[in-house]
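Lettered A, B, C and D in written order, each chain numbered from 1.
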Amino acid sequence: MLLLDHLWIVLALPLAGAAINGLLGKRWPQSAVNAVGVGSVSLAFLSVAELVREFSALPVEQIPWVKSYFPWITAGTFHVDFSLRVDQLSIVMLLTVSFVGLLIHIYSTGYMAHEGGYYRFFSYLNLFMFFMLTLVMAANIVVMFVGWEGVGLCSYLLIGFWFLKKSAADAGKKAFIVTRLGDFGFTVGILLLFWTFGSVDFGVIFGKAAGMPAESMAQAGILTSICLLLFTGAIGKSAQLPLYVWLPDAMEGPTPVSALIHAATMVTAGVYMVARMNPLFSRAPIAMLAVAIVGAATALYSATIGLTQRDIKKVLAYSTVSQLGYMFLACGVGAYGAGIFHLMTHAFFKGLLFLAAGSVIHAMGGEQDMLKMGGLRKKIPVTFWTMLIATLAITGFPPFAGFFSKDEILFSAYAGPYANKILWGVGLIAAVLTSFYMFRLVFLTFFGSPRFDEKTVHVHESPKNMLAPLVILAILSTIGGWFAAPKFWGGQDFFHGYLQPVFAGVDKLAPAPELAEEALHSLELQLSGAAVLVALIGFFVAWWMYIRKPEAPANLARSLHGLYTLVVNKYYVDEIYAAVIVRPFLWLSTNVLWHVVDEGLIDGTVNGAGHLARRAGGELREIQSGNARSYASWVVIGAVGVTVMLVVIWIRMVR
Amino acid sequence: MEFIAQHPILVVSLVKIAVLLLLVLTVLAYLSWFERKVIAHIQSRWGPYYVGAHGLLQPLADGLKFLFKEDLTPPGADRFVYVLAPLLALSLAITTLALIPFGPATIHILGQPTQLVIANVDIGLLFLFAITSIGVYGVALAGWSSNSKYPLLGGLRSSAQMISYEVSLTVSVVGVLLVAGSLNFNEIIEGQRGAFWHWNVFRAGHGAFPQIIGFLCYATAAIAETNRVPFDLPEGETELVAGFHTEYSSFKFAMFFMAEYANMVTVCCLATILFFGGWLSPFPESWTWQQYLPAAALLVCAAYLAYDTAVNMRGIARIQLAVVTVLAAGIGVLCLIPAVMPVIQGPFWFLAKVAFFLFFYVWTRGTLPRFRYDQLMAFGWKLLLPVSLVNLLVTGLVIIWPQLGRHG
Amino acid sequence: MSVPFILFFVFAGIAVAGAVLLIVAREPIHSALSLILVMVSLAVLYLLLGAEFIAAVQIIVYAGAIMVLFVFVIMLLNAGVEERTDWSKLAKYAGLPLAGFLLIELAYWLARPAAGMTAALHAARGMGAAPTRALSEMLFRDYLFPFEATSILILIAILGALVLAKGDE
Amino acid sequence: MSAVPISYYLVLSAILFGLGVIAFVFKRNIITIFMAIELMLNAVNLAFVAFARAHNQLDGLVFVFFVIVVAAAEAAVGLAIVITIAQNRQSLNIERVNLLKF
């Protein structure tokens, strides 16, 4: 029971690591920084493992396990404890986060070896781990919000890690600001939550929510508005339409950061939050629908953009966005379990993809343009094979991890409690595109003839401490799916069984349509067949375009010129935002807020006060004549004043 | 008229004051004669000799001389202060004597109880100090007002010196106060009742500590306080002509002169009271024959005078000395009258002791050279004050020793 | 008109006269003398009030030590007639009138028997002289700490005076 | 014989205090100003004694004692300062000692 009683240890470890590295690490050798950074995270992972062991020994009635450490904010009826909560959902998240985090830390020791600010990097990473774990273990939404904003901060710091590079700094700012937009909604949602339930504690909220009647499509109520507001936060954090724009730019950050924060963990916080709030969402159908639609739309939309990107990391970024869209689609159709499952598998293979991409870039000496690569298959085999596995996983070939999760999402979109054929179709198309651009990536990078100058660029395989994580993640991406392999595939659906208690409410509210066993099987078979077929189509198209006829893409681009340019330029979304939002805002800030309000009002007031003080001082100064008799006279004046006052008071008393 | 009837105390006091004033003035006058005589003999001279037998009329001559000298005021002098200074000096000096008890608290003169003191104040000692402490002004103001550098320097010196030594004077007396436990002269004296070994100088045991050191400090400080040799810097002829009273002449000068002697007397009286049992006789009271001592002393004196008259004197001097002899004999006989005898005891012993101290004063003057000013100050602050403080400390410790023992 | 009244008025008059003299005198030494006059008469008033000890201390310390110090300094610096510069307009037009006003005000408000004062009067009649012994006991028992504190203060004052007087040597 | 009413003493002390204040403002000679301060202290002392008498308490007298002691200390230091000032500025006129201004 050590860790169950002292959950804070899990958080304290990375925080301590961050503090030590951040404060002392500057003059330390890299080995020491590694020891602290990686050591703290590995300890955190071990403690999580121990926590899982203890948790599994816990009797059912004690779940969820909540521990409150100290009252944090108390204002009238508004009371917030710093309290942590552990249940199956957070266990899954904990394991994923801490393990992937650990691997990526190890990877970073190799990848960042030649970078300046080494200690800073690891301190930020550890800090990020701390906030992410806080977010996951939070027992009330305020503490969760702390983690939420904390990871945002770390993402900002890490995107702008090379802050001397303007694009990096701008990207960091962009990420921060765009996310803020979402967080605004999130904050309002929190207030609304408190206003509705009189508490911010998950236990209390869910308890009260369970008593509330489910709202229908016809009449949306407070729950709907809460959920929508919270979901805006999720949109911002998880880069969904229309706030996805920051994520591609976030690729300015070091690749491990992209892997950890912008693929595996942080961006999935939105999904986690929605899943965590499932008792509310399940009672707000409109919100559910919104989630599903946004998810599906994002999945398709960003997949299309992914088709034409040339920067290897950008491709992965857009694929991340679309995969997140899948997860929201899952949540939206009530298959939270599937969503979380896809979250986990995605963490594995997307992390792997990024790390592999990082390894490629490392091998290419910083080159990120796929059109300047090619034929790397032989030169960096380990990277190649791991990346191939990851690609198979993401495109959903059995028996890789992605297959099960994606298949499950599509299935529940087709036949789940909130089934919706259109969404299913969209998801399917997105799957085609996904497999296309992923294989495009693989072909462009590893096959064909080298399109770079072999003299200048001598490709080399990455060091062990970078390859080891790749291998481990590859293994996970391969077998990771079997947790959830449905009975139909001979698995025993461990994952759902495990998460069952958390999402119990949903199934009660919206039970899956009853189908006969064999009908179910046939349906599932057909759907998954479709999925695999789709993936194959994507594969062949990619193969045809980039292996058989390398000139085809150019022709296609020429023939569909307008569409092509549109997509290449990401539908000009950034430009539109710039024109519609950023410029007016800038103009407003410059001409109104700055020149009028700030300079005129605020500075005017402050300087005015200063001038006034100086003038007054200049006048009063004359009193200091240096003539002691004048001073004596002042004393006399004071004495007279006091005595007169006393006399007056005395008279009052006597009367 | 009936106002006086209401307050007989006023009458009595007035009478006392008159008597005392008369006595004191004559005594002061003759002190100068006494001093000159003693000094002369110390320096193996004759001293005043021609005015009256043994120069006994010299003081009268001096007085006349002072009266008839021209009384001039230096130009640019601050007239008011210039006149004020000597008045202040003398009046204060004499006023102190009003506090001195010459005899037991209550004796009977003409059947009614009387005190041989003008003002028996509850805290007489403090008052005496108060008055003497003002005495400084006489000298200081004199020095300042006569608008001349020697007096100014003299005044400065004297004020500095008097302030400095006043401290150790007071401190050295405090030891006695601890022993006596009172500020009233009569009580202090009564505390020393018994033979001479009960006097504060020698008294030891049960809450008392011999004040011999205290007395020495007191004597030294007192000499300095009265600007006498060897501490007579304010009027050091060799460097300051005559110090603060250089510019003074005639009667004002006489006032300073008398003031100085009056201060001497006061100081001696104080020494007698504080350290030597005031008007108590040095012998155990069981010795009843001692009550004849005053008469005896006077008669012996008269006898010697008679012999002297008969043998050495010629002409007018013989007559004068004869008168003195008769006076002495007469007083001696008077002392044998039972009614007078108890009255005379106290004053006799008191005056005897005071006389001794006055002689001691003159003696030191005849013997010791003058200090240098810095030596004076150093002596006062670095030696006298610490010693008297230590004396005070030891006395206090000895007195509270029993309590200490009881507590711890 | 009994003796105490006469004495009071005589010495009160002397005191006030001395204070006025202090103001009008132009020679510092005259001011000093008049101040001494005030102090002595105050001592007498203390005696009237039955505070013998305080009276004695008043004369010994104030008249006998402090004022002597003043006179000494005046002699040392040979302070002549003070020059009547009038540079402080404030003192001329505000300080002095207000000071006078203060005097009148205080005197006026203390003249009327204030609350409880009359009762105090009768209490005062009965009381005899303040016994020095009791005073000393109070001083050395109840007020022991302040007493010690003042002794320290004196010591410090002496040191300060020494340092100042030594000047730059 | 009747005692003098306490209020007489108080009035006297008030008058003396007021005169002290006047002197304090009116005089130019530093030493005299010092004396004015002493005068005020004396006036206060008188009030103390009077009140002590009025209330049959000795505390007032003790205070007077302390006031006197402090006054002594103050005079010692103050006069030392006066001497140094006089030596530095060759004048005792307080209006000439006016370097410490704006």
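Just so we're on the same page, contacts are C-beta pairs under 8 Å (C-beta built on N, C-alpha and C of every residue); 3 or more make two chains touch, one makes a residue touch a chain.
This one's a predicted model, so the numbers in the text were calculated from it and none came from an experiment.
**Student:** Among the chains, which has its CA centre at the largest distance from chain A's?
**Tutor:** Farthest chain from chain A, going by C-alpha centroids: B.
**Student:** Mind checking the centre-to-centre distance between chain A and chain B? Centres are C-alpha means, answer in whole Å.
**Tutor:** Centre-to-centre distance between chain A and chain B: 108 Å.
**Student:** For chain C and chain D, let me know how many angstrom lie between their CA-based centres, rounded off.
**Tutor:** It comes to 6 Å between the two C-alpha centres.
**Student:** When the centre of a chain is set as the mean of its C-alpha atoms, what distance in Å lies between chain B and chain D?
**Tutor:** Chain B and chain D have C-alpha centres separated by 36 Å.
**Student:** How many Å are there between the centre of chain A and the centre of chain C, using C-alpha atoms for each centre?
**Tutor:** Centres of chain A and chain C (C-alpha means) sit 84 Å apart.
**Student:** What are the residue numbers in chain D that touch two or more other chains?
**Tutor:** 21, 24-25, 28, 95, 98
**Student:** Of all residues in chain C, which are in touch with two or more distinct other chains?
**Tutor:** 3, 53, 57, 65, 69, 74, 76, 87-88, 91, 95, 99, 102, 106
**Student:** Which residue numbers or ranges of chain B touch two or more of the other chains?
**Tutor:** Answer for chain B, listing residues that touch two or more other chains: there are none.
**Student:** Can you identify all of the chain pairs that touch?
**Tutor:** Touching chain pairs, listed by label, are A-C, A-D, B-C, C-D.
**Student:** Within the complex, which stretch of chain C touches chain A?
**Tutor:** Answer in residue numbers: 87-88, 90-91, 94-95, 98-99, 101-102, 105-106, 109, 115.
**Student:** Along chain B, where are the residues that touch chain C in the complex?
**Tutor:** Residues in contact with chain C: 7, 78, 80-81, 84, 121-123, 126-127, 129-131, 133-134, 136-137, 140-141, 143-145, 152, 155-156, 159-160, 162-163, 166, 183.
**Student:** Please output the residues of chain A touching chain D within their complex, sorted ascending.
**Tutor:** Within the complex, chain A contacts chain D at residues 621-622, 624-629, 632-633, 636, 639.
**Student:** For the complex, which residues does chain C have touching chain B?
**Tutor:** 3, 27, 29-30, 33, 36, 40, 43, 52-53, 55-57, 59-60, 63-65, 68-69, 71-72, 74-76, 78, 129, 132
**Student:** For the complex, give me every residue of chain D touching chain C.
**Tutor:** Contact set of chain D toward chain C: 1-29, 31-32, 34-36, 38-39, 42, 45-46, 49-56, 58-59, 61-62, 64-66, 68-77, 79-84, 86-87, 92-93, 95-96, 98.
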